[in-house]
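So, here come the structures, one by one.
Heads up, the next two complexes both have chain A, just with different partners, chain B and then chain C.
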Partner chain A sequence: MKFFEKLASIDRRIIYLLLALAVVVPILLKLVLPITVSEPVKSAYAAIDGLSDGSVVMVSIDYDASSAPEVQPMLLSVLRHCFAKKHKVVMLGQWPLGLPFGEIGMTTVVDEINRAAQSPADSIRYGANYVNLGYRPGYRALMVGLGREFRDFFATDYRSAPVDSLPLMRPIHNYNDIDLLVGLEAGQAGDEWIQYAGARYGLQIVIGATGVVAPDMFHYMQARQIKGLIGGLQGAAEYETLMQHPGTGTAGMVPQSWAHLLLLAFIVLGNVGYFVMRRKKA
Partner chain B sequence: MKKEIPLAITFLTGVIIVVTFFIPHQPLGGMQQRLLIWYSIVLGFTLLLGVDSLLRSNLQKIMRRAPGWPYAVVVVAGFLATLAAGIHTWATTKDLLSLGSSFMYIYTYMIVPLQATMFALLAFFIASAAYRAFRARTLEATLLLVTAAIVMLGRVPVGAEIWDKLPGLQDWIMEIPQMAAKRGIFIGVALGTIAMSLRVILGLERTYLS
Partner chain C sequence: MMHIIGTWIAAGLTLAIFSFLYKDNPFYKFAEHLYVGVSAAFAILYTWAFDVWPMLVEPMFYGRGAASAADRWILLVPMLFGLLMLSRWFPKIGWLSRWAIALTVGIAAGLGITGQIQGILLPQVAGTLVPLTSLDNVLMVVGVISTLVYFYFSIAQKGAVKVGSRLGMIFIMVAFGASFGYTVMARISLLIGRLYFLAYDWLHLVR
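Moving on to the complex of A and B:
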């Protein structure tokens, strides 16, 4: 009976240690698992892929370091996809602490493309192919206000360059000039984009969200209020699979699988111990 | 007048914003945009108020040598160092997010690891808490346990390796029962928000004034 007693009360340090091993070992061994792409991610991919070349995609960086491992791979894949399709990218953010992640992601992808460019026409330039508007306080007010005029809130980009000095921004005044919004979300901003920019102005929206936020987005997907949903690290890995560019999303799938299996194993063990002990007491 | 003026401002602002949702044409549309810009500016000042509050409370803690005052020193020093790095980066590069700048150094090597570590620790606490709390004591707890197990496995590639129908089952749980419950909650929240907003606009709810 002592065995079952111990089973029902395993020391938390053992749980911590085994969980750490379940995460670290697959990363060190670079293990991979085949990834099946779900319908919401296929739809998100199709939404960007189906735009005509040179369309304007707005990317909203609404996350920070705590969610970056899940959402940053989505940003990289989406940017790669946009630039491969010759789309133009307007970046902004509702989370001030997330903005550097947007810039880091953009720099990574732009450098990657420019290194591989065969001619100047293949390269990506700031102001012509992409801009970073940065952060402005306002949140919902900003989302509604941009529907009328971007310049009322973003007179300059994040480097304080007037937006009209950027060729990409000259023809962009409101959501009528944006073909798709990709909201990368770790909180409520996804709901707000859908309610204030999507429902009110008809802006087409794709959401990339953390595993915690994604379940709140399923009803928008079912009601066709968003064009696609990239949910959690799994969603990021699925998008990387579609892009045939595996990254940290794909690499994270085995550690996440192992961690989930371990957690379930502990729950089962805890329940076995609990039931044996309960029967004994009865 | 202390109460009447804020109530009048709230009433007028609320009515204008609601009416312009349905009639976005001029002059109402322009008025709404003006109000939204004001809101954005006011929100910017609240960030300054936050900084003032943070510094004031921590400096007071240091002066009084209150319990935990060394942490307050770290907060103030961190704030001043980040501010100095931000000003230095702006003055030298005119690009606050310039990779390799002192500001981005602090962001990349201090803020990001600290935030990420805090969040990553949650995984360990959740694992320990799930092990202790997830007991099939009742029928409801058992249902929750089984559903959680299906979703946890169905959301990761190993689920399909164990049983190829697991991802489909997980999708069904997320799209039908989960969504039905969520919709009910969201409709309730939306109705509550409308009711509360009307109370605030009409001046029936005044607790925000105190």
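Moving on to the complex of A and C:
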């Protein structure tokens, strides 16, 4: 009884400390767990992999700093996959504060590929292989409007260059010229892409979402409104596994598991304590 | 050099925010206010650079992206509505902002209705009409029907309706549990991201 009473009044800072240790220790020891890839992530991978070489993939950056640890590894993996398949990438975003993360991710992957390139043909160039259109306001109206003409919203790109000065953008006018949309979501924008670009224009969509958003995306997956779903850091780790390029997603799986075990232990202990104390009081 | 300075600033601010877990303190308050201020400044900059400048100033005054004179002058309409929105700062003419708000609400409602019907209701109903040939499909159909029964308030919850309603509540609870589980995972992921940054980018403890 006393044990449970003490447990019930434990200082929350001790719980924080235990949680921090559960996360830090596996990071420092660089522990790795085998990762099993789930069907929604396999489908997302297959959607990009199944496109013919040189297809146009639009990537929407709909997250910012508060969710970057979960979604940024997805961006890196998706970009690596797209460029490995010689796809062209059109980046844009619905979250104005997220675009720098898109730019950082793109620069990281492009530098990585260009450093390893054996010839100019293997290298990735801005305007030819990828563009960053940046952010424009409008949200739903923008998603509907892009189905008519990109230039109505994006006369210039992220760097203020006219879009028609970019060879990649010249033949792209609306969703008919986009083969797949990869929406990286930390909020409502994923639903909006599915409702306005997917349902109205038939745009093929893959969603990468934070753990908070992912459960609300499964019904779209079930109804085949999206081609694949990468959910949370776990989804990012699974995609890294498929790409055979481990990153922060994979590195985060052991701390994640340890933290979950700790939380499970707290939940079980808390409930046992609650019932024991209730019985004693009765 | 700039990268090192940036990393140290980011690490310092991360620790300042984490210090709130011990108790409220001036370091936390400083980091909090700095974050709010920088975010607001960033948002203003982005609104100007990616909204007002390319979608209003450039096409109207420099003709960029405007195919004809009509394309330029039509922009006077949204500009006027935008200015009306600012009238809220002046109590005597504040009522003018309602026109701009009415326009925004009207557009949002129009788009919302079509989006909900075309993008959610019809595809989701179609997605539920599946052959009951697998356990997954049976569970899904039973879950949808019993959840709908739970939210059906026009008849008394007795007999079969009560059983269906209870079953619906179980499905709803399972959905909440799954959602909460994912949320826990998401929050832990953010903690991992920050601690990984401190160990990897700042202290170089992990190679």
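Convention: the second predicted complex is superposed on the first by the 282 of 282 C-alpha atoms of A that agree within 3 Å, B and C clash if a C-alpha of one lies under 4 Å from a C-alpha of the other, contacts with A are read in each partner's own complex, and residues count from 1 in each chain.
We adopt the following convention: a residue touches a chain if its C-beta (ideal position, glycine included) is under 8 Å from a C-beta of that chain, and two chains touch if they have at least 3 such contacts.
The structure displayed is predicted, hence computed values, not measured ones.
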{"item": "Contacts of A:A251 with chain B and chain C, given as first, second, both or neither", "value": "second"}
{"item": "Touched partner set for A:R151, first chain B, second chain C, both or neither", "value": "second"}
{"item": "Chain B versus chain C as contact partner of A:R159, first or second or both or neither", "value": "first"}
{"item": "Touching partner for A:F266 - first (chain B), second (chain C), both, neither", "value": "first"}
{"item": "Which superposed partner A:Y45 touches (first chain B, second chain C, both, neither)", "value": "neither"}
{"item": "Which of chain B and chain C A:E70 touches, first, second, both or neither", "value": "second"}
{"item": "Touching partner for A:Y196 - first (chain B), second (chain C), both, neither", "value": "second"}
{"item": "First, second, both or neither for A:P34, with chain B first and chain C second", "value": "first"}
{"item": "First, second, both or neither for A:E103, with chain B first and chain C second", "value": "first"}
{"item": "Intersection of the chain A residues that touch chain B with those that touch chain C", "value": "16, 19-20, 23, 66-69, 97, 99, 136-137, 141, 144, 153, 160, 200, 211, 215-216, 219, 222, 232, 234, 256, 259-260, 263"}
{"item": "In the complex with chain A, residue positions of chain C that touch it", "value": "21-22, 39, 42-43, 46-47, 50-51, 54-55, 58-59, 64-65, 107-108, 111-112, 114-116, 118-120, 123-124, 126-128, 140, 175, 178-179, 182-196, 199-200, 205-206"}
{"item": "For the chain A and chain B complex, residues of the former touching the latter", "value": "10, 12, 15-16, 19-20, 23, 33-36, 38-39, 64-69, 97, 99-100, 103-104, 107, 132, 136-139, 141-142, 144-145, 148-149, 152-153, 158-160, 200, 211, 215-216, 218-219, 222, 232, 234, 237, 253-254, 256-264, 266-267, 269-271, 274-275"}
{"item": "Interface residues, chain A side, partner chain C - complex", "value": "13, 16, 19-20, 23-24, 27-28, 30, 66-70, 96-97, 99, 134-137, 140-141, 144, 151, 153, 155-156, 160, 162, 191-192, 194-196, 198-200, 210-212, 214-216, 219, 222-225, 231-234, 248, 251-252, 255-256, 259-260, 263"}
{"item": "Chain B to chain A touching residues, read off their complex", "value": "21, 29, 32-33, 36-37, 39-40, 43-44, 46-47, 94-97, 99, 104, 107-108, 111-116, 118-119, 123-124, 127-128, 130-132, 134-136, 145, 149, 152-153, 155-161, 167, 171, 174-175, 178-179, 182-183, 186"}
